[in-house]
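Shared between the two complexes below is chain A, which has chain B as its partner in the first and chain C in the second.
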Partner chain A sequence: MSAVAFEGVTKEFAGGVRAVDSLDLVIEDHEFLVLLGPSGCGKSTALRMIAGLDDPTAGVVRIGDRIVNDVDPKDRDVAMVFQSYALYPHMTVRKNIEFPLDARKLPHAERNTVVQHAAEVLGLAELLDRKPAQLSGGQRQRVALARAIVRRPSVFLMDEPLSNLDAKLRVQTRVELVALQRSLASTLIYVTHDQVEAMTMGHRIAIMRDGMLQQVGPPQEVYDRPANQFVAQFIGTPPMNTFHAVASARGLEVADGAFAMVDGWAREPQDVIGGIRPEHLHLESLAREAPDGGALVVATVSMVEALGHERHVHCRMQNDDSIIVRVAASDPYPTTGEAVALRADAEHVHVFSTETGQRVALA
Partner chain B sequence: MRESALAYAMLAPSLLIFGAFVFFPFVKNFSFPFYQQSTASGFGTFGKAAPPKWVGWQQWHEVFTSRTFWHSAWVTVQFVVLTVPLGIAFGLLLAVLAHQRLRGITIFRTIFSSTVASSAAVASTIFFSLIGTESGLWKLRIHGHALLDDKTWALPAIALVSVWQSLGLSFIVMSSGLQAIPDDLLEAARVDGASSVRRFRRVTLPLLSPTIFFAFVVGSISAFKTFAEIDLLSPIGKETGGTSLLAYQVKRLAFESESRNGQAAIFAVGLFAIVLLLTLIQMRLERRVHYGR
Partner chain C sequence: MAVSISVSQRPVGRSIARYFVLIVMAGLILFPIYITIVNSLMEPTALANGPVWWPSHPTLSNYATAWTNAHVGRYLWNTVIVAVGITALQVSTAILGGYAFAFLNFPLKRLMFVMYLATLMIPGEVTIIQNVQTVHDLGWYNSYAALIVPFIATGFGAFLLRQSFLAVPADLQDAAALDGYGHWRFLRRVVVPICRPGIAAMALFAFLGAWNQYLWPLLVTSDDRYRTVQIGLKQLRTENLSSVTVVFAGTVLAFLPIALLLLAFSKQLVRGLTAGAVKG
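Entry: the complex of A and B
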């Protein structure tokens, strides 16, 4: 049993900086959870509290059934991969991988077998006698992984382990890490600020901001139903369009038109923040009615970005809010300065409170 | 062309000073051993000097077959062996203590590094008042007389003064070495299950080896050249040879005896050879104790 739980955990550093604020989060046994957030959101501090490298100021950290607040890192049965890989520069790859086993005084023969196996799994067998300085970034990252897996810990902690790799290697390693977690059947808590990693790797994503948990859930759920405006804009590339609007029976009214909503707005008209992802917006000819009889919004094209597989059409609405529309590369697209009509998929229109930024339930 | 002329012009003042006070005496020192100065023509005399007499390799032979030179060299080696490892060990111990994240630790760091502000003369004066005489503040007596007057204990006592005086620098060097070790390596070792002793032995110490090596070489060079402590603290030992280090012998031969500055120059050359050898060893081995990251 190697579930990990934060129960009301707060971490305050000297000077009153609150890195983690009343965190309640349960990571299930064998789960791959991604802690996602911008720099300084407290995700690494949360990870370090599981490892025992930082002590909580308040609250309880559990690993399995044990409260580990006062348990030494070496007795927590966790392994950690650091962003810098933290390889011992004076030791060979073999000695690096062996270090955790050595510290646990595993018999020599058994140690050799385990190291050899880990090296083969991660494609390091040829590199065992090299020093870290003689390895590429990707190879160093594998050594760090090998060092973590040889102990067969119940919980793996990874702090932005792919951030030092180039884009191509990152994609490849991402896939390998997911496969590795499956084969090890361990709990894995993975810290990143990269939302693509979060979306593609984790069973669930926990999004943090300013030390506070914003939302936790499966990637698609977080993408489809963001709990607040911050999550909505943090997940997705390009991020969700947000704009000032009035929610009314017509839908989301902006200066020159409205975006339809599935069930309309049954309450009194209200100032809100509207949210629509770029792929849920469509460009229509100004001369035509919306094909489904829905509402349209008039806007002016300010820029068109061609990405090869698609285009991002940046438009400016008449209330001066800008909005991005994703257009497939094969579809017709407008030119800069052209006036266009925008239509939204009614089922993908989000509404957030102007006061709190929280999602407003429409039904 | 104009640019290089300007460069030489700007270098000229330094070259002049270095030339007059470093390069010229350095080269000149190699010629002294081949001449015998006549009486009253040594460095310390200002009378009209008679022309020096060419004696060839005779003085080299005299010095290198003399008991004085080899005894002095042996005493110097003893002094180096006593001071350098102790200085490094104490400096490292204090640096490790001061590396803890504790409230008020900066006060201790200041105290630990404070001896760097004292000179050998100040350190000697302080310790002379403590152990210099039988009635010194510590009232230390050995074989019926003051520590510094004892043939056996004078050298270790002076070595201790030297260690104390250089402790501040050793502490600063070791502290900077410790601070250069990335925190995440030690954190990784903690998570990997290493105890604090194991972390120190397997991670900290190996990563500190370039710093220790540097401190060892620089400390050895400095210890080989020790002069002030001997001159100030050892009124009897230096005469009887118990604390007569090479650098002190250079001064004694050149300024305190008649017509022996040729021999003094040979002692200086010997000292130079040792320091040069140490520097070469450092340059040669430096790369081996550095780890690429």
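Entry: the complex of A and C
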């Protein structure tokens, strides 16, 4: 019984900053939800309103079937892992982990078993008598996790817990966290601005921008069908190519050619923003005839980046929009300055409205 | 590497000059203390031709005289009571005030903080007459209350500890709130332990200030039972003109406790003064 719900929640700070704007979002019981967005979009503020550390200006926050707007943080049954870890510097690891239990007046023996267990789960058993200053970043992060899990809260909140770790440790901890969430079977709301974490960890992603929710859904769905141009470009590395185009019966027409679309464009020709991910573009030889007469786009190669496992071929189209094509490392690739023909997978062409940036439904 | 090179290449001459200046300054400061100690160990008659530089036949008789006949013992005891009382109360109120300014949000917080700071800019002498009157009206003339109560809260203490408390990360307060700790327990279990150096420095300042008070105790006491040691010394000087060695002995007795205290806490004192100036 620990679903979390935002109902029309707005948070306005003194000075008129709308950190969160009319947020409607339900996080299911036992769900792992990732809150994703650029810096300053209101992720932390949303999290802090669940914890009770910030009060909503308007709207209702629910945990389980309780409206918690007026409930004290300590009575909400949530635990939070802070970006800074917020360990108590004057206490040993053991004391830090024990601290929440201390406040709850758990009997001593029971406390010891709980602390010992948490320390073992997180590989901290050897470190219990150290102070936080004597730990590495990864160890501190695990102490913060241990402190959160000893309370067995029904909701976990994590605010960019991995952002202080180096790349290798981050990959490892990512996996551990997912396993941990599964074994704890609690609701977990996880804030990040790292899209790899978002794609790999959560059941669903909620993407925010300027305090407003852009899209919620399973990672693959958000990747495959981004709700707007912002989401399309925020998720994916390198990001989705977007360019000015005219949608017509021929497909997405650009200055020198067109990208085919599966069902074509049944409406009047219209100015749109086209979107194609780099992996859905292919380089064709210029000499070859396009199979459907014209569904090729001519472009000039401006740079080739080799990443080891693949290459990113940066091309400039005649209308000056640039576009990136992903090429497997084993495939042939063009040289800088060469003219190439681009072909898109017709089923992976996205169309966004020029005015609103929203996805335009095809067919 | 860079450090060792710069050390080995630093001109020796400059080093010598630097030490020379430091030694001269230390000598200037220590000289009066030395003379006081030496002369407190002399027979009263030995000083007929002015102060001596070296104790030829040291004796502790002056100390005995000062302690018993001149009541320095009693004065010291009074000073200890007053200084300890003032320190304990001042630290408690400063912790509470500093906490409020550092961690709570309340209406008119800024204005109140400015008012606290403003009290630092008013010289004590301006309010002293009114305060003496108040003490008289309360019937506290010649009492410990008169010596202690007016000093139990200072703007300076609250200000100093606020600065110290501001170094406690806000996340710790949030974490403690989630862990089930209210303000009182957060203060006791987290803020005070983390800010112990700052609090110790503040306590030391409070103690030194209280110990060295002169004007106020002079104005609100006349009875030997409540007089503090600084006034006692002054009295000693006027009453024992014949035996200046006793005055010297009394002076040594008065500063000995404070000197020991400073020696014991000098590390904390310096750390408190520079805390927040640099990170780490």
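What to note about this one:
FYI, the second predicted complex is superposed on the first by the 358 of 363 C-alpha atoms of A that agree within 3 Å, B and C clash if a C-alpha of one lies under 4 Å from a C-alpha of the other, contacts with A are read in each partner's own complex, and residues count from 1 in each chain.
We adopt the following convention: a residue touches a chain if its C-beta (ideal position, glycine included) is under 8 Å from a C-beta of that chain, and two chains touch if they have at least 3 such contacts.
For clarity, every value in this text was computed on a predicted model and none was experimentally measured.
The superposition on chain A brings chain B into a clash with chain C.
Judged by the touch definition given at the top, the superposed model places A:P132 against chain B, while chain C stays out of reach.
Once the two complexes are overlaid on the shared chain, A:Y88 sits against chain B and chain C alike. In the superposition on chain A, A:A79 makes contact with both chain B and chain C. With both structures placed on the common chain, the touch criterion links A:A51 to chain B and to chain C. Note on the superposed arrangement: chain C collides with the chain B stretch 22-30, while the other options among 4-12, 22-30 or 40-48 stay free of clashes.
Shared contact residues of chain A with chain B and chain C: 51-53, 72-74, 78-80, 82-84, 86, 88-90, 99-100, 103-104, 147, 151. Residues of chain B touching chain A in their complex: 182, 184-185, 187-195, 198, 202-203, 206-207, 209, 291-293. Chain A contributes residues 48, 51-53, 72-74, 78-80, 82-84, 86, 88-90, 99-100, 103-104, 147, 151 to its touches with chain C in the complex.
Chain A meets chain B in the complex at residues 51-53, 72-74, 76, 78-80, 82-84, 86, 88-90, 99-100, 103-104, 131-134, 147, 151.
Put simply, chain C touches chain A in their complex at residues 169, 171-172, 174-181, 185, 189-190, 193-194.
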